[in-house]
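In the two assemblies presented below, chain A is common to both, partnered first by chain B and then by chain C.
And now, the complex of A and B:
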């Protein structure tokens, strides 16, 4: 069946691999991009010193960004909103959905803390007006307020909102918005390149038989079983 | 680069060092130093594009190519199928790119409106409509059909006539031709023709007149947008692919470990342990950490230009590496020592050092040109701005540090650790893309990490 496919032996393939010209600076840049985007400010700083690689944005902005992210992760949404506005007021002004999600998270935190009255007041004053403007927001709001119906939230059909993963989701949303506001991609390039490797191998599979890398974590070449 | 190195005097009788005979794995670092490496990087740039119609090759009696060589007119009355007025572009469509595209404007559809746009090979019979003959393709105005190497066409798109702008393009990634009319995509068809293709126009009834735009004027069709959506389509397919979560963390970690970036590694390890939620990194470290600190120290010394200390430490910690004083690592370190003398303006000391430590490499094929380039630093009052100024760049120190690191790693008993995991993956990715491209007749864009990293910056500028 595979007779029409070009067969490339391991020797030939390794020769090709060795002939690739890869610049060390480019690999360093890729690693720096990962550290910066994922918010490892200490590591990025050390890496700049140890490798001479310049980060693509001011490292101080990473600290600010991570402080916002951490505040959301810890449930201090009010604090996070303040920090975002200190960083750049346009982020929330131009991003009503993000702002709504942050306010929604704040409501969730109030409910979590059992501050029912405060939660209701906040929902009516801050969130309801937004719900009137936007049908999707209104539905989200109704869903969130439904948390109050159940004495024991673990029985509630929308209990996922109280899960830690919802905080993380909101945190990563605000993280992405800050990166975008800094003209930076919201995801690091490395995972995309790894996906591209799988894709490129799949594409080449249609035309050739050659040694693969199946395990991304080790980079081991596997000769296709004869 | 000095002249002597660019004409690379190498012949088989040259003495070759023991390092070469043993296939020293560090040998590759010599190639990285040579500046010629970068010229290849940009080999897909500088490809020539068509600029005008080929007036000489066009079918003389039936067609007039205007003085600006950008329009054709059919003046006679057509009589049969072998008196078509055809004109090819002066150059074939470039192919080391994602797409090629050009447009024509039908100024006058003449008596019968037998205008055609398409692509033909160099030896095309210039009296036939593009698409009628094998290895050609054409979108014809009178019937809107596509012709693919035979006299009968297939239904394809609308007809076109006076006042219409029609475009022809090649998508090299999907290996398809595509055509447009008045800024809208008409359709696409698989491209089965290999090799160079010339943008081609044809007129075939009295007073038919067509002008061609090879990109000097803004295209009516948004070809940039077309390219972007083609790229996005591919990117979306790629993004859908599943990879194990957090795999990037493990690769970054092993990269830092591989190159001995110890402080970064420590900071990274600390941070990944304290994030919410903590990041679980699969431990796949092929390299043990026991000599990480030594490698880090040596890297730091080289990066600071303290080559004497680096050599002394190597002698203490890894005598086997510096045992052969004609090894690549020794050569690179001695060169760097010389370069450091030049950097601080101590030329006389540099010369003295060079005579003492580098003279023994003169005459060895693989070192000769680098020594000459190094010594060329002495010629210039401002070496940094000279053609060999790259020796004084930060990346040169990094490279020597990498070579020392690689020498230590390859000296270990277990398997060859010449490349980090990350590098092996990037090499595999590059070769897969290159192979796939070579099976498409080397058409389309090449994958280059360098370009991928630049992409976002470019997007911002646009």
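And now, the complex of A and C:
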């Protein structure tokens, strides 16, 4: 099999790679894009001072965005909602799905804390009207309220809602909405580039034998025979 | 473990306790302590954002005027920001809120915030104003006043993206007339707007919306826009149809649709057209507002354009749209309207589309839409029916004439909305052509009575459409149906229809009469009811130098009557040459000299029937026609430009010769 493929030696390959000229500034922009989107404010600040790369948005807004994200991750949803509204009141007013998911998360937190009465009141007052407006919301609401029916909520068909991963999901949804409102992509560019690298290697594997990058963290080239 | 009992008790107490809380916050809005007031404002804002129910209940408590006074009385920036944000939220996607906000007189207060030195205050003011300008209730903005135009440009020139976006929103929602478009273009607004195309997301969206408004139906503005930097910005807008944000893709598509509908010459490239169609089709799958708007955009793009309809059909538009309609989830009325209108456009010309649409078994969905609570949806569904029923193949297969379809259509003839009435009449006009069997559901459900009722409507469009439906219903109808119809209208009824103030209605009334008296001798008798009242009225109308379209139908009525017995023919002669003759010039001579070949043809037909050799009085009538100068006029027309007229004239002249006339 391998005999029919073209073989490229390490020397040849490195020569080719070295011939590709990448501007340092472009690399820095890529790193800055990652730091800003993922919300690493301090790192972004340091990186700006050291490399002179300008961030796409005001770094102060990252702090605000991260505070919102963190509040959801910690289960302080009400606090998160107030922070989003201070940042830009349009976000939740024009994004009914996100608003519903935040309110749903609030309900989940009340249930988690065992505040049954409060949870029911909240579901009735805040979430039921949204369910009337939208069939899909109603189904999600029913699923959430079902948590109250089970003796052992941690072992019921809808237990996923109580999982920490659900908080993270909601948090990343708010994060994405804030980024969009700031005309910023909701995902950093770097991971997509790495995915593209793996895809390109897979494509090339069918035609040639050449040194691979297998470990993305080191970027070391490895020839298949080694 | 909660039980059902505790559930129901806490549910019933929830409403009242929340009511108390709202009343409590509301009372704190008026507090003289700025700290308390600020906290209350923030609380109201956080409660109403995203929550229509709360907006409504706070509105009822009178929160809007209370917040407005906080806005006008305070110098504290935090209070200004919170109150402006709360007012903006009341105005966001909530028409009653917009009304309340405008009634509270906050418009000038919000404008004042734009001049603040605190960026946060400016942002809050600009955002709230933009919300207001997204509503149809937004105050009229007079672009013709110089100071207003100056202010608008100061907004567009602002570094603050919310403020320049506000400028674009004002244009998008307040510019409506050609004069306004012209003034804006002359002031250089296009040059300013295109800069925002490279701006932030919200600037870009506001810019695309306002470009569409300024360019709509204004070829001069379009050519100015396209001419900017040699078409660079037309390319930018086209490029934005591939943007990653669906709303941006949609707005740029809508902008291109406007440009295309205004000046099609900029869209010679088939690739651009087809990618516009496919982008809009993809956007239909968006669940939000963009998907709703895409549907109407698509219908507007393909309206009356066969090439684009074909492109859409090839891009599987019918299947896509039907799939969305079949998902079963509740769709926004605007989306339903757009989807049905798009289907209607697709079925307007192409038989392939009609067949493929009807093969997807969605007549049930269409019937449901006829009962939708929104009048625009009902109208769109009717138009869709009308165009689908243009398929003669499916029509004659009886697909539309079963009870299931017919009952809701007939019921819509009573619809409170006149646009629904006109649309359903259009649908019925096509469907009734298939009433081959005398016992039809339409008639059983009282359709004829209702059509006659509508032929007396205040709305001339409804009268016209009702008569058109009746005209088709009487086309080759049997005598029983004709009698049923006539017994409802009677001679007096017909007279008032033929004498309607609107010429188009008169034309349809005469065309209906023409079909009524077509066929057997019995049918002709209708015009002789009440001493020939109807025939007299037809004669009277023809002598009044009517418009050609009306005269054609009138002459065919006479043609059909003249095909009857000796008595019928003489009655027609009476109308043609009444005693004493008032005018020196006979109207038949005028009709024969008309530019409209159909009118010449109809007139010659009448003459043929009058002098047909099998009837005893033919010779005398021929003499009269010759003495009145009609036959000599025909002799001058032997080489008429219209072949049909030419052949008929030869028939008359050979007849004439057999009477010994050379």
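In this section, the second predicted complex is superposed on the first by the 217 of 226 C-alpha atoms of A that agree within 3 Å, B and C clash if a C-alpha of one lies under 4 Å from a C-alpha of the other, contacts with A are read in each partner's own complex, and residues count from 1 in each chain.
We adopt the following convention: contacts are C-beta pairs under 8 Å (C-beta built on N, C-alpha and C of every residue); 3 or more make two chains touch, one makes a residue touch a chain.
For clarity, every value in this text was computed on a predicted model and none was experimentally measured.
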For A:183, select first, second, both or neither according to whether it touches chain B, chain C, the two together, or no partner.
-> both
Touching partner for A:136 - first (chain B), second (chain C), both, neither = second
Chain B versus chain C as contact partner of A:42, first or second or both or neither | first
Per the overlay, which chain contacts more chain A residues, chain B or chain C?
-> B
Determine, under the contact definition given at the top, whether A:210 touches first (chain B), second (chain C), both, or neither.
-> first
Touching A:198, do we find chain B (first), chain C (second), both, or neither?
-> first
Shared chain A surface residues [contacts with chain B and with chain C] = 183, 185
Across the complex, what residues on chain B touch chain A?
-> 28, 32, 37, 40-41, 237-239, 241, 243-244, 247-248, 250-252, 255-256, 259, 261-264, 266-268, 270-272, 276-277, 282, 284, 286, 296, 299-300, 303, 394-395, 397-399, 402, 419-436, 439, 447, 449-450, 452-453, 456, 460
Touching chain A in the complex: which residues of chain C?
-> 1-2, 6-7, 10-11, 13-15, 17-18, 42, 45-46, 49-53, 85, 88-89, 92-93, 127, 131, 200-202, 244-245, 329-330
Chain A residues touching chain C - in the complex, by the definition given at the top = 81-82, 85, 88-90, 92-96, 99, 116-117, 120-121, 124-126, 129, 133, 135-136, 148, 151, 180-183, 185
Quick one: in the complex, what on chain A touches chain B?
-> 6, 8, 13, 16-18, 20-27, 29-31, 33-35, 40, 42-43, 45-47, 49-52, 70, 73-74, 164, 168, 183-185, 188-201, 203-204, 207-208, 210, 213, 216-219, 221
